Structures are given as C-alpha cells and as structure tokens.
Amino acid sequence: MSALAVAAAALQVVGVLAGAPLVVGGMRQVRARLEGRAGGGIGQPWRDLRKQLRKQQITPRGTTVVFALAPAVVAGSTLLIAAIVPLIALGSPLESVADLFGVVGLLFLGTVALTLAGIDTGTAFGGMGSSREITIAALVEPTILLAVFALSVPGESANLAAIVSATENHPEQLVSPGSLLAFVALGIVIIAETGRLPVDNPSTHLELTMIHEAMILEYAGPKLALVEWASGMRLTVLLGLVANLFMPWGIAGADPSLLAVLIGLASITAKVVVLAGLLAAGEVFIAKLRLFRVPELLAGSFLLALLAVTASYFLGTPTS
Amino acid sequence: MNTLLLLPILAPLAAAAFAATVGWRRLSAFVTVLAAGSVLMTAAALGSQIGSGARYGVGHLLRADALTVTMLIVIGTVGTLATWASVGYINAELAHGHTNQRGANLYGVLVPIFLAAMSLAVLANNIGLMWVAIEATTVATAFLVGHRRTRAALEATWKYVVICSVGIALAFLGTVLLYFASLHAGASSGTALNIDVLLAHASQLDPSVTHLAAGLLLLGYGAKAGLVPFHTWLADAHSQSPAPVSALMSGVLLSVAFSALLRVKSVVDLALGTGFLRAGLLIVGLLTLLIAASLLVVQTDFKRMLAYSSMENMGLVAVAAAAGTKLAIAALLLHVLAHGMGKTLVFLAAGQLQAAHDSTAIRDITGVLARSRLIGGAFVVGLAVLLGLPPFAMFASELSISRALAGAHLEWALGAALLLVVISFAALVRNGSRMLLGPPDPGAPTIAVPRSVAGALVTGVTLSVALGLTAGPLTELFRTAATMLGATP
Amino acid sequence: MTQATYTGVLDLAAGAFLLAAVLVVWRRELRALVRMLAWQGAALATIPLTVGIYQADAALIVVGVVVLLLRAVVLPLLLARAVGTEDHERRESTPLVNTTTSLLITAGLTVLAYAVTRPIIALDPSPATRAVPAAFAVILIAVFVMVSRRRALSQAVGFMMLDNGIAATAFLITSGVPLIVELGASLDVLFAVLVLGLLTGQMRRTFGGTDLDQLRELRD
C-alpha cells in the first residue's frame, strides 16, 4: 500500500465533498440555460450551503434522536461510499471491503435513516414522503444489486475494483447484451435513487408531488445543509461509479504514480461533468411520471437487470 | 404414381380455381363435389395398391400408407356428402339473405381449399409440411366460420383463429425441436423431418429434447383436435359455422389433426418408449371427456351439443390411442370413420332445423320426427351412430376400445371413460328425444329440405348402415395401419 | 468473421430480440407495440444473416433477407394499418394485469425459459444454441401478452411475437428448418396475420371497437 494510494483515496473523498455542490449547481445551470433562464451560477449551491450552515439550529418539537442523527448518518454513509468506490484509483486502502453488497448496503442505510427521520417528525408530508421513498427503494436496491452482479460475472468477482479492471482489460465485453442491459437498468435506478426526473422533481415546491423533499421538509439550518450536501454527494458518487463501471479508461492503477492520480482525477471529473450535463439536458425534455407509474418504470429496470444477469451468466464466454 | 398421390391435393385446388373464376354456381358447386369424390376414389385406388407398405412421391415429400388411405377415405366420404349438401344449403342461405353473392363465392373457393389442405396434411411425409397443411386449414376455415358475419360469428372466428394458431404454433416449436434432435441423431438436414427418416433414427434421438418436443406436439395438435387445454374454440366455431362446414370440421378436421398426433406418436414411442405419450394422452383424453360430458349435461343449444359430442369422441379416441395396442388403434380408426359419417348426418340435419327456426336453442325445436320424416330420420340415425347403438359401427369400435383398454391393464381409465361416456349418452338421449319425439308446436314452421341436402342425407344414412353391417376390406386396412403405427400386439 | 465477433453479434441480436418483447409488455400504445414488433423482426433477421455469413451459407442469407422483409416490414405494416384512428382505439385499455406485475411476471418467465431449455443446450452447447433461452423467453412472454391484453391488435402482436420466438429458436438451434417448411410456415403466418387484420376491421365495424371484452356472447 503506497502512500500515494492512500492519498488518492483521500483526494477522492475531498473531491466528492468539494465537487458535489458544484455538480448540483452545474446541472441547475444547464437546465436554466436550456430553459432560457439566466440561472444562479454554478457556485450557487455552495453559497446556499454557507448560508444554511451559519443559521441557528432548530429542531421541531416532539422529534427524537432519530431526527437529529439522520443527516449525519446520510452524510457519513455517503462519504464512506465515496472512500471505497474506485473513482480516481483502484488501490484504495478500503478496497477489500469495496464490494457491491457493501455499497448497496450503505446506500440503503442512508435511505432508511432519512425515511425514519421523515416519520419521526410526525407530520403528514414527512410520513407521505417516507412511504413513497421506501416504495421506490424496495425496487431500486435489488435492481442495483442485480445490475452490478451482472457486471461482476465476466470479472468473476463482486469487488468493484476487480470489475472495473476487468472491463478495462476486456473492453469488448461492454458490447454484450448483459452489459448494455445492466447499463440501462443502472441508469434508471440511479435516477430514482437520487430523486431526479422523471421519478422525483428535485426543484419542486408542490408538497403533494414531493418524495425526497417531503421527507426533509422539517429540516432547517445546518442539518438541512448536511442533508442537501449528502444528496449532492450521492449523485456525484453514483455518477462516478457508473462512469467507471462502463468507461473505466483513465483510472489510476492499484499502485499509482502522481501523474496517474492526477490523470485519474481529471478523467473522473470530466466523466462526471459530461454525465451530469447529459442528465440535466435530458431532464429538460421530460415531465415527472405520475407516482403510480413510477413502480412500472422501476419494475422495468428490475427486469432489465435480471435479463442482464441471465444474459451475462448464460451467454457470456469466459475470457480468462 | 406421383399423379395418384397428388390427385387428392390438386383436384380440390382445381375446383377452387374454377370456383374463383366463375363464382358460386350450381356447376362450380358440383365440380367441388366431383373433386371431393375423386379424393375418395384415389383412396380406394391407393388402398388396393399399397398393401402393408408405404409409397412415396415428389421426392419423398409425400407418402401414402394405410393410415393415409384411412384418412383419405374419411376426408373423401364426409367431403363428398358435405359439398353435395352445400349446394342446397348455400342457395337457401342466399334466398333468406343470410349471405350475399360475394359470401357465396368465398364459400365456394374456401371449401375446396380446406379439403386440399386436409389431404396434404395426411399425405405429407415431412412432418414440417404436415404442420404447414394443418395451419393452412385454420386460415382457410377462418372466413368459413365467420360466414354469416353476425356478432356471434365474428366472435367465434376470432377465438378460433387465435386459439388454434397459438396451439398449432406450439406444435411447430415441437417440430423444430424434433428436427434438432433428428439432426443430432445423424439425419441429413434436407430429410431430417421425413417420417421414414425419423422412424429410422428414432432410437438415437436425444431423450430430454424429445420429451420437450413430444409435449409441445401433443398440446399443439391436441388444440386442433379439440383436446384439453386448447379446446375452448371448438364449441363456438362449430356452432357458428354453416352446417356443411361444421360437418367437415367436426367429422374430418379433428381426426386429421389427431392422425398427425398418431404419426408423431409412432416416432416418439420408438424414442422414449410408450410410457410418456400414454400418460399424456390419458390425461388430456380423460379431461376432455370430463369437460365434454359435464357441458353436454347443461347444454341448451343443439349445435353446441353436437360440438361437445365431437369433443367427447375425440377424448375417447385419445384414450384409445393411449392404450396403443393393435386392437385399440384399429378400433380408433373405425371410430373416426363412423363418427365422421354420423356427425355429418346430424350437422346437416341440424343445419336445416336452424334454417327453418332461425334458432339453435333446443327448447325451440319440437316434434321433428312428426314434421319431417327425412330430417327427423337422419337425425335419429346420426344420433344412434354417435351413441354407439348397434347395428352401427361405433358400437363395434367402442366395444373394441373397451377390450383394448382392459387388455392394456388400464382398467381405471376404462372405468372413468365408460362413466363419462354414459353421462354423455344420457344427455344426448334426453336432448335428442326432446327435439325429435312428441307432438310439434302448433305454430312450428315447415322444415324445407333442398334436394341436394336430401340426397346427401339419404346417402349418408345408407353408408352408415352399410358400415355398421360390415366394414368389409376396411378391417384389413385398419389392421395394417395399426401394425404400421408400431402398435403393440 | 471471427468466432468472437460471431458470438458477439449473435448475443446482441438475441438480447435485442428479448428486449423488444419486454418493451411490448411495458408499452400500452398500439403504434409503439407495432414499432417494437418491427424492431424485433429486424433483430430476428440478424440471426440467420449472421449465421449465414459466418458459415458462408448463401441459402441462409437469402432466408435472412426474406425474414427481414416479411417480419420487419410487411407484417408490421399490415398490423399498423389495422390500428384504429380514433383516440380511444390507439391505446391498450386497462390491462387485466397491471404493468408492474406484468413486468415482474416477465422476469419470472425469463428464468423459466432458462430452466426449460437446459436439455437443448446440453445436447449442443454452441454459441448459437446458448442464446436459445432468449427465444424461448420471447415465446412465453408472447403467450402472456396474448392472455393479458384486451385489444384485438395486442393479441395479434402477441401472436406475431410467438411466431418470431419460434422462428428464432429454429434459426438458433438448427440454422432454420428445411426451405419448403420455412416457406410454407412464413406463408401461413402471413395469411394468419392478414386474417387477424381483416377480422379487426370487421370487429370495429360490427362492435364499434376492438375491445375483446365485448366477445362474451358465446359461452356455456
């Protein structure tokens, strides 16, 4: 374990922390420009966070420790994911635990913490948002598992670094039905997991249509800042993970040089920027799905992920 | 020799072409009757020539053996009677405005095509070609079923086309799998579906793939033969078709589809032993009997009643095929022939009753025997044939099937089948006597009988009685067919 | 064509073939269903074309071209003509099984297809045969579409998918059935679809719609 590998992992965490608000700001800016508005600028989410963090801490009456701890749990679990998934370099110090089950577990941990917090407030909208979120999560989590499992078949390992390096060495596997189906399935569930259109509208002000926003309606000040920041980080990390699973080029090896780390940083930044831009541009053209159509979309992506597993398991020609 | 094998296919096709050029006329209708008659003549000629062997034509695509001849006899006999009766039937429909000249023209073209497709199905040596022919019967009969273009006719047509097409598609999948197994057993790709090649390679067919194929073929051809689980089209289609078409579908088409199953069975039995298809045939046969018997009891529509009686008979035939002994197969073939004739009689008579009353409800029909000796008499004879009363042939065939079942140690199946046949018997007798016996309603309309229908009915009655008195050379033919199909002694 | 490219193209075609069936389950708009069917036909035609080029079999290439014309162009066009012009006719009415459940059932059917086809793969584990579960899955999905949809046209689409699935099975496991059978079968399918199209038209004239729930006159 070289010092540089540790540094790369640290850089990864710092990069996600610092970059997440910029990703969110960039996406809002792309949407604004495409819709013909001036937009608040890429730095606006950072300015919002700074303002929120300076505010006084207010906790609604009657809420318990669940409400108080949830933002920290969400942010912490997301940071942990940021530390273990291979974004800049493959040889993270936590590589041995960086398997897909761990990542999905951590994601779900954050989701559950927030839904419990939503219920804990005892308000109508909080409970409604929580119930909706958990409905979606129940279909999203198995889909992510299946999709990444499909990707893990060619590399014969569920370890994320192993999957990424297998794809890097055998890029032709990407054009197999298994990989393509898994890509589509992962794309859909990441949109759902991060509360983007058409599943959830992140900029809605109408409580009845909210999912994610409804759960966090009661948060204010530093806690709200933490939650917002964490959700930005989730988006960034997942975009980065998808980018590296399907386009691993540029990522630094297990024992990287300084140059490789820098190239890794530049390439993952470029990939996330491109993906985020595409996502934001796509959102301009679609409307939010009615809530009861959302399970259809997610069941569809679950089916695609299952097909991906069967395809890569039964059709796949072992390359090694 | 090729010409003789091609005649049963080409003669009806020529009649269809003629009908297409000149439209529906007395002349074109009688040309069709001639074509159907030539099928019967060919059967006789072939029967006297082939003996116990098989004869091939058109590069081994066609084949004639004892089973072919038997089925051609069924097609020829029922075809001749039905097309003969069509002349008067369609003219009456035209006169009553149930159809128009275009509908009649279509009828005149489609019926001979239907006959040609059935002839091809029984003459094919290639089971792929056999499948093509049987699917072609579905397409050809679609607009015959919907001939009257009423709501009910349209509904029946849709169900018929969809259910039969799906069922028969499964049979094609089975055929493909059998082809796959046959290729891997060493057959060459051009001939791997030929019956003689399949029989020669049967012992090397992969058992698990053949299991899959046999199951699909049983379901698929079973659909066309009116067996469970794809039987639901049968009553609808039979009750809405014009009477001669009902006779053809019930009396011939079902048994042609079943003969396809017999062909498949001879191959599968060699590959897997008799156990697999015996179990399958017993299950579908007894279930078909059960459904037919229970629906016969509650039936209020006489054409549907006749349709369920066809299902009952096909169920019985399936059970007989399950027994698989020489006696059972020979009896089955006699049963099929006798059933074809009996069904023709009752359907043709029922067609005239429907035309007179404009209804197919049993309660609307009273005292038929008192009102029309001919229709009533034909109905009585037809029912007696179907009920298996002596001296008609189904008495002998049902007796032989029972003996064969007992001989094959399938006493439990025999018991179940007998019970269900007795229930059906009671239901048919009760409904039949309600329609036929007793005094007619005062306001009952007169039953008109066109000359051609009368001729067909009288001929049919004569033939049924003759077949009941002696099967003559046919007995030998059935025995040969049973031996050829690999029946156990 | 190398072995790897051949396998890759074949797998992609089988995947696209199955995906089209899944999308048919997913979508409700009748025109979209017909479009999916055309795509599926194209994916199906890719199979004999690929096998034909790989094995340098000219007859198979010709069959592939015929399949492409018939199943990707002619039959979808025939069905597209049967789609009604009125608004309520262009969408599937509420299906018997809601879309979410349908998709999950589809997932189950796919797994079933893998189980059923194991003896076939065991007999001949070639790259083409290993794609046969996809074709079987399409067959099962097609039957499911036929029993769960209530528009006449959806049933016709299901029937064609069933047929595509069987044709794909034939191409994958045996490089197609003998030519005369292939021709006869294609002709039968063409006529069957023609008949279904004509019946749909008659149904619309007689019933004022193509909802199969109206077919309930005949029963016991």
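Chains here go by letter, A, B and C, matching the order in which they are written, and residues are numbered from 1 within each.
Throughout what follows, contacts are C-beta pairs under 8 Å (C-beta built on N, C-alpha and C of every residue); 3 or more make two chains touch, one makes a residue touch a chain.
As the structure is a computational prediction, the values presented were derived from the model and not from experiment.
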{"item": "Chain hops separating subunit B from subunit A, counting only touching neighbours", "value": "2"}
{"item": "Chain closest to the middle [Cα centroid of all protein chains]", "value": "C"}
{"item": "Of all other chains, the one whose Cα centre sits farthest from subunit A", "value": "B"}
{"item": "Pair joined by the larger number of C-beta contacts - B-C, A-C", "value": "B-C"}
{"item": "Centre-of-Cα separation between subunit B and subunit A, whole angstrom", "value": "65"}
{"item": "Distance from the mean Cα position of subunit C to that of subunit B, given in whole angstrom", "value": "31"}
{"item": "Subunit A and subunit C: spacing of chain centres that average the CA atoms, whole Å", "value": "37"}
{"item": "In the complex, subunit B residues that touch subunit C", "value": "61, 126, 128-129, 131-132, 135-136, 138-139, 142-143, 146, 149, 151-152, 154-159, 161-162, 165-166, 169, 172-173, 175-177, 179-181, 183-184, 189-190, 192-193, 206, 208-209, 211-212, 235-236, 239-240, 295, 298-299, 304"}
{"item": "Complex contacts: residues of subunit C adjacent to subunit B", "value": "116, 119-120, 122-124, 139, 143, 146, 152, 155, 159, 162-163, 166, 169-170, 173-174, 177-178, 180-181, 184-185, 187-188, 191-192, 195-196, 199, 202-203, 206-207, 212, 215-218, 220"}
{"item": "Subunit C - residues contacting subunit A, complex", "value": "4, 7-8, 11-12, 14-16, 18-19, 22, 26, 98-101, 103-104, 106-107, 110-111, 114, 127, 130-131, 133-134"}
{"item": "Residues of subunit A that touch subunit C when the two form their complex", "value": "172, 175-178, 180-181, 295-296, 299-300, 302-304, 306-307, 310-311, 314-315, 317"}
